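Here chain A shows up in two complexes: once beside chain B, once beside chain C.
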Partner chain A sequence: MRSRASIWNYHLMLLPGILLLIAFSVVPMFGIVIAFQDFQPTLGIFHSDWVGWENFEYMFSLPDSRLILGNTLSIALMKIIAGLTVPFVFALLFHEVANIKFKRTIQTIVYLPHFMSWVILSGVLINLLSLDGIINQMIQWFGGDPIMFLQSNHWFRFVIVSSDVWKEFGFNTIIYIAALTSINTNLYEAAAIDGANRFQRLTNITIPGLMTTVILLATLSLGNVLNAGFEQILNLYNPIVYESGDIIDTYVYRSGLLEIQYGLATAVGLLKSVVSFVLIAASYGLAARFANYRIF
Partner chain B sequence: MRLKRIRVMALLLSMVLVLGVLAACGSSPKEEKVAAPAGSESTNAGGNEPSATAKEDDGPFSKYEEPVTVSLGRQGVSGNNLPAGDTLENNKYLKYVEDRLNVKVKYDFSVEDQDAYNQKVTLAISSNSLPDILVVDEQQFKRMAKAGMLADLTELYDQYASPLIKDYYNSYTGDRVLNTGRIDGKLMALPNTNIDGNYQLLWIRQDWLNKLKLETPSTMDELKTVIKAFKEQDPDGNGKADTVGLLGDKSVVADGGFFTFDPIFNANHAYPKNWFKDEGGNIIYGSTTPETKQALSELREMYADGLIDKEFLTRKYEDNAGLVSGGRAGILFAPWFGGWALSDAVKANPEADWVPLAVPLDGEGKRNIVPSTPSGTFMVVNKKAEHPEAALKMLSVEYEGIRLLDSTAQELYKDLGVGWLNYPINVQLDYQDSLARDVPIYEKAIKDKNLDGLPARILPRVKAVLKNNENPKKDIPAYADSLAFYTAASITGAKEIVKVEPVFYGKTEAMLKKGANLEKLENETFLKIITGTSPLEEFDKFVKTWKSIGGDEITKEVAEAVESP
Partner chain C sequence: MIRGTNRTVDIVIYCILTVIAFLSLAPVLNTLAISFSGKVAAMSGQVFFWPVDFNLEAYKSVISDRSFFTSFGVSVKRVLLGGAINLLVTVLMAYPLSKSNKHFPGRNVYMWFVIFCMLFNGGLIPWYMTINTYGLLDSIWALVLPTAVPVFNVILLMNFFKGVPKELEEAAGMDGAGAWRTLVTIYLPISLPSLATVTLFSVVGHWNAFFDGMILMNHKENWPLQTYIQQLIISVNSIMNTTDPEEIKRLSNMSSQLLNAAKVMVSMIPIMLIYPFLQRYFVSGIVLGAVKE
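What follows is the complex of A and B.
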């Protein structure tokens, strides 16, 4: 009796969250019917004409549909991989630093970009990467030819991924640093007595200690695989790099908001949701299997 | 017992909350449903009102007895020259309209950036919450009309548009401007008027030409020589290789656009984005012709040789303007009204001497141009607006003010060069030949130094031209007016000009639906060819893809529209 009552209290605590979820995530779901309509704002979603699969058929007839799906996946995957490894390596290096003052300074500097919007950072980047920007000046200093990073399909993704890492790695390092502090220091002392050197301590204690965190973060990030960074790409791309940089979200933005094609944009968005759903389910399965992470 | 009560309470509370949310979710569409018919009813009432309560003097300039508030969404203007303290939302021009009509203007939104403005408009369309008056592009106008959001202006135009406004529209042959605002015979929008001569001129720095001892270019080859010299021979003499060649814009071609390459296409007898008939009488799209391919190959060569600014793709309008005012660019394409934009560069550096030319010429010594589409923007009135006629009355009064036909208006911001865009509705209206018809007046005034008998509307401009002639570049607003209205306007009527008239303007049904993707394909392909990312042969592939994903369908529609106008 007592225990059941306390469960009710917990459920009550859950309520605000569920209500917000319903209001902002479930209710807007009805909007997906627009994907099957010739949507007219004055008629609303209840009275617009149904067109069946027409929007989807048109979407797949476009030469771009496969391209944007491929771009979205590849950019997001590159971001996930880089976004996991860079902070991991950085946290390990950071762990070895003894000087507290130096540590604090570095930490502040590297996580500062996280708090700036892409609108600002893209302006900075465009300047840095321009032909007479500092990066090209450095390349020329070493005898190379200047590179047009933002006008080249070869370089564009690299710029997107590395600038994303630049913005976020400092902040993501925090999780690893937290995980590092939870490793029992007795283990290091015992290893030191057994004669393990610094590198052996790293490979035998630190890395295994962090592995569960890495796997957990990796599997969870799979659910995000179709979010390749709308704001960032919108601020950095131009028509010539559509080929390598146009992602689902930027496409939906252009065709839906700028060209007023609600039906088509919703259809593309719905496709994204379906693929995301499959990936989230898969990543949850993987997380349960490898990291013993379960919600239910 | 107590525990049980808490449980029941909690259960009740949660049920109430959940029900509340469900009710909220349910009610919003319901409300909408109720609201829509109510709105349309009130529209009917509003539509009938003027005729029901019409009085003898109810015309374009009659003042409302009770104050009327009108909501507007508009694109703001940068560099509007307003004196400190005055804003787009609160200035003498708005006050002038308010005083004469008793109409108060309230902005629902006002944003400067074009994309941001379009976004606001499309959001307003999708949420069905339009301001009373909006200025939109053709795509948006057609969508709104199709969705039944717009007030029918047919009768309102007859009754409330001033004779001047009607004169402007009538000056276009065959009613071709006003027709763009008509749908099924009903006037659903008031189009702006694109006057003759909006094509791009070549603007070039004469002082750089003099310094490098170069002739004024006229053909494509001479033009290339000049660009090469500007790029490589350090025309600004600062010892650094920091000048760029021809400026560019990523829209490649655009009617009346800045930095676009239209003249280079036209010199190759290519007219992208326009519709023509070939010798066999078939409808063809200008972007798919062999001449266009030829022009692209020429641009591609120029880009590879560094004659076109290598970074034009990542530059926005402001970046290009920065290169101009910073003295790093000395050659560009822009319409006659580029005169104002370029005067900024002169403010920073009085040495800069920008001159407009109608070049490059083709092999026969002609400068071919496509006349502007009759209109590009449209003033629309929300069907639910309480006073749809207010839009026309405001526009009528506004043009009394802009053209200085009213003595009060002549005193507003006198000699401060405040832009007309600060008036509430930014729809540009003028006579088809407005540029050319004024040039002789300037010439005569300069010769005689006599201002007697000139109409008020032109007086400030003539004064500006005279002022600048006496003291060149001392007064920048006068210099800008003189450069645009006189120097550049005279060029637009040059004897080398040959007009190549398209057979079709406007947008068909399939264009509205598929045009965006076709345009994207076209723009992307052209840019890739120019910058050398794709081989020139990509053009043939583009033509094939273009046809298959909607181009053929659109061509058919255009042909039908041309056969049966």
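What follows is the complex of A and C.
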């Protein structure tokens, strides 16, 4: 009898969260019908004209669509690769340190940028990369010409990827460090007795011990190939660098909310949501199958 | 011999890590130094990591800036209200979801629903129009209700709850404790590191959010602080749609002048205040939540 009462209570506990999800996640999903309408705000969803796939056809006919997809994919892929490798190397170095106090201090410092917003960091970066900023001062010391990093289609993506690495690499090492602590220390002792030097221990124990984690993270990052970092780019780009830095999310924002092309923006957003959903589902499936990983 | 090379390697590793840690802070330290520097020095690029012509002018102007503090107040309100709602919803969802489908028939249905909501969304425009339809524009509720269910936090806490020994719950059950009392008296007290972790994430998330404030708040006095600062930066950065180098130089000078380093620093203070207290919990919290059999 008691167990039936607690099941009833379980449903009750879930109720507020489920209602909120319905109100703010499920209800907006019905709004995707706008993608198939010539949506007029004055007429609303129920009275606007249906246009079938017209918005999608228009989207693909736009000269910018290839550019934006290309930018999104290239920035996202560069971020994924850098985001996997830099923390990996950092974790290997970190693992070699024996002094706990030093480790704590380093961790505290490198995790910090993760907790700052892109608004704040954009303010910092715009300062840093301006013509009189510290980076250009250093370039000039070495006899170079100052570079307008944020106004250059040559440099913009590099700035985006490297500043993202700078912000997130520390936090991304957490999972590697957790994996490193689970390596059996007997292995190191046995290797030391067998005369393995430090480098051999690194290549034969530490790196193989991390491989499962690397593969798992690589698989899971598949779901991010369309996420190039909306908040970051929105805060750092400007019309000069649309050519190299405009991505799907910034385009949806501009065309939808600034230029009021609701149908088009919803269509672009819907396509992105569907593709992302399929990719994430596939990556979770792969991870569950090959790494025995389940998030729930 | 081996000892010698080991020590050299150690020194090199310590140096590299120290440099990396310094580089992690350097951009922020530079902005901090600029915020305490004289206007001329700051604009001519003389400031590195120590203020030049030390003065507090920038901070004085922040203190006298009313809209800055209005926005600061909106952000504080949002963090308190939103953080409390997030924590409540997270705890209430994580506990039943941590039960197996055998003990709680229907658990898997809820779980799939939650995961689906996390992975799929209708996109920006339908989301905006929904909130508009609810009449929430320009209301503080627009900043806390749409983000009320932090699914990632729910999963984190749920995985932690799963690791709580079943014997504890059974013992509580024998003593006649129901689901609510078990949650409050058994689960919550032993989950403090995980609760601190999810609280840190949701508080930081609320403090750092700017985009919802930007599109959902039409009136300036309703902007949270990050939106306010974003408008300062963006409005300057995005007018640079000229390719004339002299013009860009002039505008970018104006931008470092207008971009108020002091405002950026003040807006970081709350994060800096909670960070040291919570950071010692979050590593163990994440690891406990993420690693499971």
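Quick note on the criterion: the second predicted complex is superposed on the first by the 252 of 296 C-alpha atoms of A that agree within 3 Å, B and C clash if a C-alpha of one lies under 4 Å from a C-alpha of the other, contacts with A are read in each partner's own complex, and residues count from 1 in each chain.
Please note the rule applied: a contact is a pair of C-beta atoms (placed from the backbone, for glycine too) under 8 Å apart; a residue touches a chain by one contact, two chains touch by 3 or more.
This structure is a prediction, so every number in the text was calculated from the model and none was measured.
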*With the two structures laid over each other on chain A, which partner does A:E259 touch: chain B (first), chain C (second), both, or neither?*
first
*Who wins on chain A residues touched, chain B or chain C?*
C
*asked:* Taking the superposition on A as described, I'd like to know which of chain B and chain C A:V27 touches: first, second, both or neither.
replied: both
*For A:E231, decide between first (touching chain B), second (touching chain C), both and neither.*
second
*Does the superposition put A:I126 against chain B (first), chain C (second), both, or neither?*
both
*asked:* Applying the document's definition of touch, where does A:N184 land relative to chain B and chain C: first, second, both, or neither?
replied: neither
_Looking at A:P239 after the superposition, I want to know if it touches chain B, chain C, both of them or none. Which is it: first, second, both, neither?_
both
_For A:I175, using the defined touch cut-off, is the partner it touches chain B, chain C, both, or neither? Pick first, second, both or neither._
second
*Pick one for A:S61: touches chain B only (first), chain C only (second), both, or neither.*
first
*In the superposed arrangement, does A:M148 touch chain B (first), chain C (second), both or neither?*
both
_Common interface residues of chain A - those touching chain B in one complex and chain C in the other_ = 2, 5, 9, 11, 23, 27, 126, 130-132, 148, 150-151, 238-240, 257, 262
*asked:* Quick check on the complex: what are the chain C residues that touch chain A?
replied: 2, 6, 9-10, 13-14, 16-18, 20-21, 23-25, 27-28, 30-31, 34, 43-45, 47-48, 88-89, 92-93, 95-97, 99, 103-107, 110-111, 113-115, 117, 119-131, 134, 145-146, 148-149, 154-155, 158-159, 173, 178-180, 183, 204, 207-211, 215, 226-227, 229-230, 233-234, 237-241, 243, 245, 248-249, 252-253, 255-256, 259, 261, 264, 267-268, 271, 275-276, 279, 283, 286-287, 290-291
_chain C contact footprint on chain A (complex, rising order)_ = 2-3, 5-7, 9-11, 13-14, 16-18, 20-21, 23-32, 34, 90, 93-94, 96-97, 102, 105-113, 115-128, 130-134, 136-137, 148, 150-151, 166, 170, 174-175, 178, 182, 197-198, 230-231, 234-240, 249, 252-253, 256-257, 262, 265-266, 268-270, 272-273, 276-277, 280-281, 295-296
*asked:* Considering only the defined contacts, which chain A positions touch chain B in the complex?
replied: 1-2, 5, 8-9, 11-12, 15, 19, 22-23, 27, 40-46, 58, 61-64, 126, 130-132, 148, 150-153, 238-240, 242-243, 254-255, 257-262
*Which residues of chain B touch chain A in their complex?*
3, 6-7, 10-11, 13-14, 17-18, 21, 24-25, 29, 32-33, 36, 115, 118-119, 122-123, 125-128, 139-140, 143, 146-149, 242, 250, 310-311, 313-314, 513-514, 516-517, 520-521, 523-524, 527-528, 531, 533, 545, 549
